[in-house]
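Consider the two complexes below, in which subunit A is the common component and subunit B and subunit C are the respective partners.
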Partner chain A sequence: MKMPSPALPLACLALAVAVMAPLPFFVGNGTMRYLTDLFIIIAVAQLWNLLAGFGGVVSIGQHAFIGAGAYAFYGFTAHLGLHPFAAMALTVPFGALLSLPVFAILSRMRVAYFAIGSWVLAEVMMLAAGKLPGFGGGSGISLRPEIVRAFGARTPERIENIYWLSFAILSLVVLFIILVMHSRRGYALRAMRDNENAAMALGVNPVAVKAMLFVASGAMLSLLGALNTLQKLRINPSGSFSLTDWTVFIIFIVVIGGMGRIIGPVIGAVLFVLLRENLSDLGPVYMIVLGAAAIGMMLWEPGGIAALPQRWKDRRAARRTAPAPRLWRRALHFRDGAGRCGSAPRRARPTARSGAPRPGRW
Partner chain B sequence: MQPLLELREVSKSFGGIEVFRDVSFVLAPGARLGVLGPNGAGKSTMFNLISGLHRPSGGQMIYQGRDLGQMRPWTACRAGIGRTFQIPQPFTHMTVADNIVVACTSGAGLGLHEARARAQEILELTGLGAHAQKLAGSLALLDLKRLELAKAAAMRPKLLLLDEIAGGLTEAECGTLLEILAAVTGRGTAVIWIEHVVHALTQFVDEIAVLADKRIITRGKIDAVLADPEVRALYFGAEAEA
Partner chain C sequence: MELLNTLVQGVLLGGLFALYALGLSLLFGVMRIVNIAHGDLIVAFAYAGLMVTEFLGIPLPAAAPAILLLAAGAGWLLQRGLFEFVPRRDPLIPLLVAFGVSIILQNLMLMGFGADPQKLSLGALEQASVEILPELHVGVFSLVVFALAVALIGGLQLMIYRTAFGRALRAVSDSEENAAMLGLDTRAVFRKAFAIVMVTVAIAALLMAVRGNFDPASGPTRLLTAFEAIVIGGLGSMWGTLAGGIILGVAQMAGAQIDASWQVLAGHLVFLVLLVLRPRGLFPKHGG
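Moving on to the complex of A and B:
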């Protein structure tokens, strides 16, 4: 496999921009709101995939940054009186600064403890958010109308602007990931994921690489948190810091779509949103179906849907080298080359599992 | 002249198991030292210490005037210490060329463009040119050993640590390996080479040290060391008595 040149993913991104950007001229408000939700979900999933799929850093507390971004946005506008645009931009450095101490604590923990520690920290941050004076306590508070109006005086105009804003942010997130993966850091990252000791012996500092990923993802998640607040129009601890929405579903999306590939979270998120629309009447059954689908995918094809074309290709190649046994041979008790009498030789299976997530492929 | 590397009474134990006791030696810039020793004598541990993967339990390691005992593997690497692993450690999901690019960017600090150019050069030198775009995980043993050497050499180290790179190779392959080694290491590169294949080792190094019983039992010119009765008894065992 050649080192994927950034040209292909960049071309796909440009195509997506060309298709999605003029869409508000053709579709209604309902569809636009729906797509805005989808963009935010894809962006969050991309960032989780950047950490876990590309970097091997498995955090289950990334919803902390979504919530913190939402609260920071509210604080900057309502308490500091900043213009909503400035407040939104400021959530980026805010998220980066917040992720530094979080990473400093978590980086001392090994894989499983890292995951659990990230979750505990997120819960602590959620509880702290409920105690903050001036943020509505446990039940939360609505955004002031003038803040919302800064994004468009009338509702249709606002929906259109937020659509473009969220699509622009999603595009920037994807662009960032593509550029990182094709930079020197990207090489270090892929080497580190394959073999950390060997990477260290070649000058890769794994702590620095992981810190870079964590800070970048924390910064962008805060921004997405602020963006999501514009959709929900209110902040509250359990909603803004939702473990289910921003971590559980996101992991489902990345696992189903394909870890370690940029296209993975896109496939997973589209599938997730479709399932959610069609199964939401079923109540708890919907969650059971999602869970079963995720576990089934992990067992059957750990590379997710994005790995299926390669899997089929491998299978076709295997079939070419070892022709399928004919039915009549099987019936006649085919005698194999070693002279051993037995059932027909089984179809050769592909030797290399296409399933294992391949870092840096998309 | 300031030595490149100096070990002063370095000890290493893992829990209660002592691997290394008061090992001292000095290596001049550009020197080529071969290391012999029975299995389990601590040869690979010595490399893990020098490359920063392990911390010594006691003693001092000085590299170019800096305390090597405080360096992490990546700082040791960026200071010019390159190593190969006894069991090849390729980045299996990356192409052979990209494996070497990692060494050039992270290890030697090159930009991507220069790194690709140097990787190409090293690929030709090590005879891996035809495999450049294959996944490293698909290589056979000889090519994996070449890749291991290519990665370490690509960062142009001042000190190159080679861990049994000739093990398991045929006579002809050993010859090729020596040619590659000569091509990738200039006279300025100091080399410490751990090897059981003595005839390959003696064609390359200037000096030999024998590591046994947790210490360096002798070090000197090749002929003198190989003729040493203690070495023959320890290392060649029954052959020495025959």
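Moving on to the complex of A and C:
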């Protein structure tokens, strides 16, 4: 298997930093707030993709860590009297510590059950957050003004600072994912994603690798949750632990954009934000369209939009190497070994059994 | 007496929870699909019941057979029209497809019926109660639900272990490839299985709708309850699922004694504790 070099993704990241970092000098506050939202969404989507696309761990409970981070940030500042910067930094170890027992419980369940189990845990955390004394109960509580002011005394200054902060965190998240995916562990992860038993035979411990990913993503999601409270200015159980915002939309973003590729969540999130701008008035229709698009994408091209160039390239290549007559080809693919029809993929996707790598990550 | 009352109410509620879980368990057993849209399908058929009784004015007992038939057709169609095209080699894909179905269903129901809670009425039977012990009154309807749950589990067990179709189900569940090699039409088995699953969904839906309020967003709670009952009982064991449902029902009723807001949380907490203590469930099908 050819090891892809991290040079291209790192160059793209450097380019993005070069473009986005000086942007506050050129654009207005509205644009900056808009971009800050986008950065947080991309970062959360990257972390979901890290688990599902790279690690094969589907969680429907990642909103738990966003909410927990928000509540921890409030608790550290309001109840422990910590400086907001320290409080924000502390949400990282807090998230990591929280995700350890969560993973210990969930790792007893396999893929699909893991997903629903994570949902149960998220539900428990949300209900528990509403019962914590000193956090405003079910209706929540606003951040204290002096905490918000620590990030900039005046509003324009604050918007600028939060913009930079969220972009810095997004860059670190992406850098982390690039480095992990091109490290020894990252290759172990790909091996595991393709074939868990084979990976185990080669000395990869799937549970340890998954635990590492889960803890890393829990830590960073907590930080993003704290960051997001600075945008929302208040914590409350249903808002901070929003299933729709931080899990449903995020899953759709990654699935449509491209699972298992770093560029996928970026494409998905940009599309999502643009569509939201124009279609969110439609309410339920918007959700139905997103859901249908995600299902269609899973069936047509599980690699999402990011996999389309490769798909077209493959198709062109296939056309060049003289194709078998159409009917004959169809007969070959009509029924696979299990006698299923239709579920036979139109183009042979590399599978674990063929020993080929999954489609390129970029 | 208070304690005994809570216990009895909880056990009877557990019957309803087991009914939620049957379809989910069957679908996973046969197709290895965890249908995240399960709870939303339950709510959808509750709305189907509402339409028939409220808008067409047909009483529920008379309409029930038609609704169950409709459910079987819907199940067949869902498999034929969607899940048949979902590759199952990677469990991620069916999971995410079902997730999409769940969100679509929730929002379709929101568009069609609005967010207000609804309920089906069954007239006098709903309020009727019997005194099984001195000072211990039990609703007749709850007893009927529990009896139906037991009957349905028994019936499904008979079907799976005593009929030709049950043999086909078990063969496909063991190994789809081998079953196909032996000449079994696995596609037809899957379609029929999905139809049967949807009949159990519709039964659970109608009973749920009579018992309490529902709204377009109440699907996920049903899904989580069903899932917890299955995991507590042990995967693949239907009587285990009933036991799991009963444990959850008792936990919820006990939680509700403290405070209404503790009802759901208590159920979840008992589930988590049992998951840590008995990760394979109370009645694991395969030893070890």
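One rule holds in what follows: the second predicted complex is superposed on the first by the 321 of 362 C-alpha atoms of A that agree within 3 Å, B and C clash if a C-alpha of one lies under 4 Å from a C-alpha of the other, contacts with A are read in each partner's own complex, and residues count from 1 in each chain.
As a convention for this text, a residue touches a chain if its C-beta (ideal position, glycine included) is under 8 Å from a C-beta of that chain, and two chains touch if they have at least 3 such contacts.
All of these numbers come straight from a predicted model, not from anything done at the bench.
Clash-free side-by-side placement of subunit B and subunit C is the outcome of superposition onto subunit A. Applying the stated contact rule after C-alpha superposition, one finds that A:Gly56 touches subunit C and leaves subunit B untouched.
Touch criterion met: A:Ala191 reaches subunit B, while subunit C stays clear of it. Comparing subunit C and subunit B on the residues of subunit A they touch gives the larger count to C. Contact with subunit C, but none with subunit B, is seen for A:Leu290 once the two complexes are overlaid on the shared chain.
Look at A:Val120: by the touch rule set out above, it reaches subunit C but stays clear of subunit B. In the overlay built on the shared chain, the residue A:Pro22 is in contact with neither subunit B nor subunit C. Contacts of A:Pro145 after superposition: neither subunit B nor subunit C is touched. Between subunit B and subunit C the least C-alpha distance in the superposed model amounts to 8 Å. Comparing which residues of subunit A touch subunit B with which touch subunit C, the overlap is empty. Considering their complex, residues 52, 56, 58, 60, 105, 108-109, 111-113, 115-117, 119-121, 123-124, 127-128, 130-131, 138, 243, 248, 251-252, 255, 259, 283-285, 287-288, 290-292, 294-295, 298-299, 302, 337-343, 345, 351 of subunit A touch subunit C. Looking at the complex, you find that subunit A touches subunit B at residues 1-3, 183-184, 187-188, 190-191, 193-195, 197-205, 358-361.
Residues 51, 53, 72-74, 77-78, 82-83, 85, 89-95, 97-99, 101-103, 105-109, 111-112, 115, 133, 135, 151, 155 of subunit B are the ones that touch subunit A when the two sit in their complex.
Looking at the complex, you find that subunit C touches subunit A at residues 28, 33-34, 36, 82, 84-97, 99-104, 106-108, 110-111, 176-177, 180, 185-187, 220, 223-224, 227-228, 231, 261, 264-265, 268-269, 271-272, 275-276, 279.
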